[in-house]
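Just below sit the structures, each encoded as structure tokens.
Here come two complexes built around chain A, the first alongside chain B, the second alongside chain C.
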Partner chain A sequence: MKQIAARIAWSAGLILAVIVMCFSLIHLAPGDVAIVIAGDSGAGDPEVIAEIREDLGLDDPFLVQLGGYVGDVVQGDLGTSYRFNEPVTDLIVTRLWPTFLLVGTAVSFAIVIGVLVGVFTARRPESPISHGVTVFSLTGYSMPVFWTGLLLIIMFASNVQWFPVSGMRDVRLDGNWLEEWVDIAHHLVLPSITLGVIYLAQYSRLSRASMLEVLQSDYVRTARAKGLTERRVVYKHALRNAVIPVVTVAGLQFGQMLSGALLVETVFNWPGLGRLAADSVFQRDAPVLLGILILSSTLVVIINILTDVVYRLIDPRIRVGAATK
Partner chain B sequence: MTVPVTPVSPEQGDLGPPGRQALRLFIRNKAAVFGLILLVAIVFMTLFGSFFYDQDPSRIIARPLQGPGEGDAPAFGTDYLGRDVLAGVVNGGSTSLTVALVAVLLVAVIGVSIGAVSGYYGGWIDVALMRVTEMFQVLPALLFAMVIVALFEPSTRSVSVAIGLASWPQTARLTRAEFLRLKNLEFVKAARASGASDFRIIWGVIFPNALPPLIVSITLIMGAAILFESGLAFLGLGDPNSQSWGLMIGLSRQTFLNGWWTVTFPGMAIFATVLSFSLIGDGLQDAFNPKLRGR
Partner chain C sequence: MEPVLSVRGLTVTFGSFTAVEDVSFDIHAGQTLAVVGESGSGKSVTALSIMRLVELGTRGKIERGEILFRAPDGEMIDLVQQPEGEMRAIRGNQISMIFQEPLTSLNPVYSVGDQVAEAVILHQGLDKEAANERVLEMFRLVRIPEAEKRMVQFPHEMSGGMRQRVMIAMALSCDPKVLIADEPTTALDVTIQAQILGLMRDLREQTGAAVLIITHDMGVVAEVADDVVVMNRANVVERGPVTQIFEAATEPYTRALLASVPRLGSMAGRDEPAPFDLVEYQP
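Let's turn to the complex of A and B:
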């Protein structure tokens, strides 16, 4: 418990460091935001630019800007988007749940199917299916995620039109909440498979490896010696330990998944955080970019801590080990 | 008095028996050898392909969006402007491979140096360096790289640097772990007792012994860097003046439903390249750690 409290404390420091670094990077880099904004309203007029600079406080010394920004962030204010002229927090909040829905579905799909495949093949390590999993895991890992997405669209949204090509909902639909959910789920299938397939490949391989190890351990032999059915030994005793590395890896990969989500959202026009980020890069919308960088780093830190907690909950050995140290 | 340091350890020596054993195991591994052949073929195509298939990938040669075998279209069809897709595939590898190579060099230099110093010295140096590492690790890599590329104009150089900066933490952690494991072993103590300098112990004594896992990791990062580069190019953040597989796919995004070949073939090239590195990395892992085979 004490360890976790300490971790939370220095995680806050870590996030502060991330804020300072990202802010410095964006603000000290070449290129003037004021010119970008002014360019849009058609003016290369130095007066307009001076006014914009004044408005945004771009003429203040760097440290003053940084201090002001950190102060605002601590109070939950991420500034105003240059492009949308809306508070960054609002923009992010409306885009957050589509991304969570996408990543959450993809990860659940990958973990559940991955572990099942892993357990199945670990019981028959030399079977053709087992070797197939090894091949599949290398294949899944090596495919560029945006390409997988495009291929799935060609196959399942164009050749046979089972799923929509892009977007999150059908704008023509006018139904009750249930029909809306079904519509969203229908749109979710291809993007979440695209994102999930990479991790499915890794998790099936990982759980197969840890299952193979667990099945050779003493306590599994004991369970078998007691005369338990093979089914009970595998699913009741061994599975629990075989899941640990998968959950840990999934937790640690959360940041990577956000990168994957960015590409998948771009391919499928999914209205999430990743697309907002990609658009903001091209529009040089610094406040939105900073906001998303800070938010995703914070999420990664939080998920890492949660992974640690869950890990301790699933595996009593770690708790005991920590206590005896 | 200085005694010449001759580090002796059972694991050391690229040409010694353990190295030769690893090589033998690698050669016996069919998947790894296939990966190696695949990679050699891709590199050969990238370097010399234009001698055998002498077509300018940026020239319009036929009607747009003609599939393979339709009319006067070349083997892989034409893209939305009527350019030869096969010529693009043949010439697109040089950017990806160059960027990945430079990025990986950067990853190796930054990651290994930070990890080595951190693991060897420990104490506050370790704490400070690991905090910095962690800071880079929690940032979403792709977005961070996108920001860097966008801030400094997309070019082969900025893309390589961005990928390198976003990818080094993993290598730093691995190197640190290896150094922590090795630094208290007998042969390191012996070197220290004989008066070797810290620099000498880090690079001359510990580093060669930490190499096997690092080589595996760097090979896999090479594949990841290719994926990374193609992702950036797909999003429009590659070098606009050079041919690249990711860029080809990105440019065809509006029209790919009218021509599957415009995205399928460049994607297969990326896939094959990354796969070759994965297979080689896997094979090396098995060769260095025969006990873990089949995992």
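Let's turn to the complex of A and C:
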């Protein structure tokens, strides 16, 4: 418990460093925000631009601006969007759960199916099915996310029309909450497969290799010598040990998955954070972009802490290792 | 006296390689048979074949032979012909096994108590509470101090000797008729070796189980065995009572194996050990 508390305290410092770095990077980027904001209404009028600069405090020294921003963030205020003229926090909160839904479904799909496929192929390493799965995994791993997305749309949304082409909801639907959720789940299938398939390929390869090693271990032989069924040997004794590398990699890859979500959300017109981030880059909406960067970094840090917790639950050697440090 | 386990003409292959060829021996209740030989002679494969574990997780195949086991109803059954389901009911229950490496033979992610209880629940149909009682009793039998506290510990929290005691407790938890010990003391230091051998001898006397011990250590053979089978390159070279093997071995290979054991004073007058001639056994 002490170790987890220390990790959280250390992570708070890390997030602060991320805020300072992101703010500095955006500040250093070329171009004047005031001109962008004035672009439509002020049409380059120097007085309007000067007024905007003063309102936003853009004339203040860098450190004053940074200090003000950090102070606001600590109080939960991420500023106001230049484009929407709405609090960034509100914008992010609205877009957060569709991204969570997409990434969460993709991660679960990739881990559950990936590990099951890995276990299956490890138990029959020389079977034709195992070789077929290996080829499928490598194909999935080699395909760019946006291309997979487009292929799935052509195959399952355009040709056979099993799933919707894009979006998260059918705007024509007027039903109860259950019908709405079924509709969202229906829209979720193709984007989550698109995002998950590349990770599924990696996790199935990883769990196959790990499982092959664990199945040769002495404690698996002991489990067999006890008279346990092969199913119990594999799913109770071997799997928990074999899944440890998958947890490590899945935790480390969470950041990559968030960036993958950006592409998938664009391809499928999914109303999540990824699309908001892409739009704010093109619109030079610095507060929104900064807010999303900070949130993503915080999520990566939180997921890493959760990975540590899961580690401790799976492998008791890590619990004691940490406690005796 | 009828043997409890009788191996007849056992031949085991791994692809084109023959690991065990035409091996035969008997084990009687309450007695210890030691199978000795250098590394690669086929001792462990013989033991794994009796459990039919050689066919699980390895490419081994029992090509020929019989492994006759006296079932609780007194009938002799051939383990080679038993379906896998029947074998699972025998493994860990009527024939159990302890392995060379106590450090890696226990699953690192489950407590030692749970790992022993699993066998008891499986074969004796006890509930969790009764199984834990049985585990506690077994831990005390194998002289694990503070048994109750130790039951909830994980393997990495125990020493090598304690882990091997847990393995012995696991193997004996269902009162097996035959206990196979594959180099049970090789990974342990000398003092712990003596304790574990003493424990095994006491337990054999208490339970009346037949013990098959696999070793390359002639000191262990002298300590625990009643009968000895000497193996070399997949074949049985010689067999007989332990005193006969030690005092009047007939085969040159057996004599060379015995002579290879360093003796106190054998280096007197020399700076380094002298190489001895290798004996090739021709079956």
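Here, the second predicted complex is superposed on the first by the 318 of 325 C-alpha atoms of A that agree within 3 Å, B and C clash if a C-alpha of one lies under 4 Å from a C-alpha of the other, contacts with A are read in each partner's own complex, and residues count from 1 in each chain.
Everything below uses one rule, namely that contacts are C-beta pairs under 8 Å (C-beta built on N, C-alpha and C of every residue); 3 or more make two chains touch, one makes a residue touch a chain.
Just so it is clear, the model here is predicted, and its values are computed rather than measured.
Asks: Just from the overlay, do chain B and chain C fit on chain A, or is there a clash?
Replies: Once chain A is superposed (C-alpha atoms), there is room for both chain B and chain C without a clash.
Asks: Given the touch rule stated above, what does A:281 touch, chain B (first), chain C (second), both, or neither?
Replies: first
Asks: Given the touch rule stated above, what does A:165 touch, chain B (first), chain C (second), both, or neither?
Replies: After superposing on A, A:165 lies in contact with chain B but is clear of chain C.
Asks: Contacts for A:125 in the overlay, against chain B (first) and chain C (second): which applies, first, second, both or neither?
Replies: Touch partner of A:125: chain B, not chain C.
Asks: Angle chain B-chain A-chain C between C-alpha centres, in steps of 10 degrees?
Replies: Once the two structures are overlaid, it is 80 degrees.
Asks: I'd like to know which partner A:255 touches here: chain B for first, chain C for second, both or neither.
Replies: first
Asks: State whether A:173 touches chain B only (first), chain C only (second), both chains, or neither.
Replies: Once the two structures are laid over each other on A, A:173 reaches no partner at all.
Asks: Applying the touch criterion given at the start, work out whether A:220 contacts chain B, chain C, both or neither, answering first, second, both or neither.
Replies: After superposing on A, A:220 lies in contact with chain C but is clear of chain B.
Asks: Decide which partner touches more residues of chain A, taking chain B and chain C as the two options.
Replies: B
Asks: Once chain A of both complexes is superposed, is A:139 in touch with chain B (first), chain C (second), both, or neither?
Replies: first
Asks: After the superposition, pull out the minimum Cα separation from chain B to chain C in whole angstrom, please.
Replies: 17
Asks: Both chain B and chain C touch chain A; at which residues?
Replies: The overlap between the chain B and chain C interfaces on chain A is empty, containing no residue.
Asks: Help me check something: in the complex, which residues belonging to chain A touch chain B?
Replies: Residue list for chain A touching chain B: 14, 17-18, 21-22, 25-26, 29-31, 125, 138-139, 141-147, 150-151, 153-154, 158, 165, 205, 208-209, 212, 255-256, 258-259, 262-263, 266-267, 277-278, 281-282, 284, 289, 292-293, 296-297, 300-301, 304.
Asks: Tell me, which parts of chain A touch chain C in their complex?
Replies: On the chain A side, the touching residues are 215-230, 237, 240-241, 314-317, 320.
Asks: What residues of chain C sit close enough to touch chain A in their complex?
Replies: Listed in rising order, the residues are 51, 53, 56-57, 87-93, 96-97, 99, 101, 104-110, 118-119, 122-123, 154, 156-157, 167, 170.
Asks: Show me the residue ranges of chain B that touch chain A in the complex, using the header's touch definition.
Replies: Going by the criterion above, the answer is residues 131, 134-135, 137-144, 146-148, 150-152, 223, 227, 230-231, 234-237, 246, 249, 253, 256-257, 260, 263-264, 267, 270-271, 274-275, 278-279, 282, 294-295.
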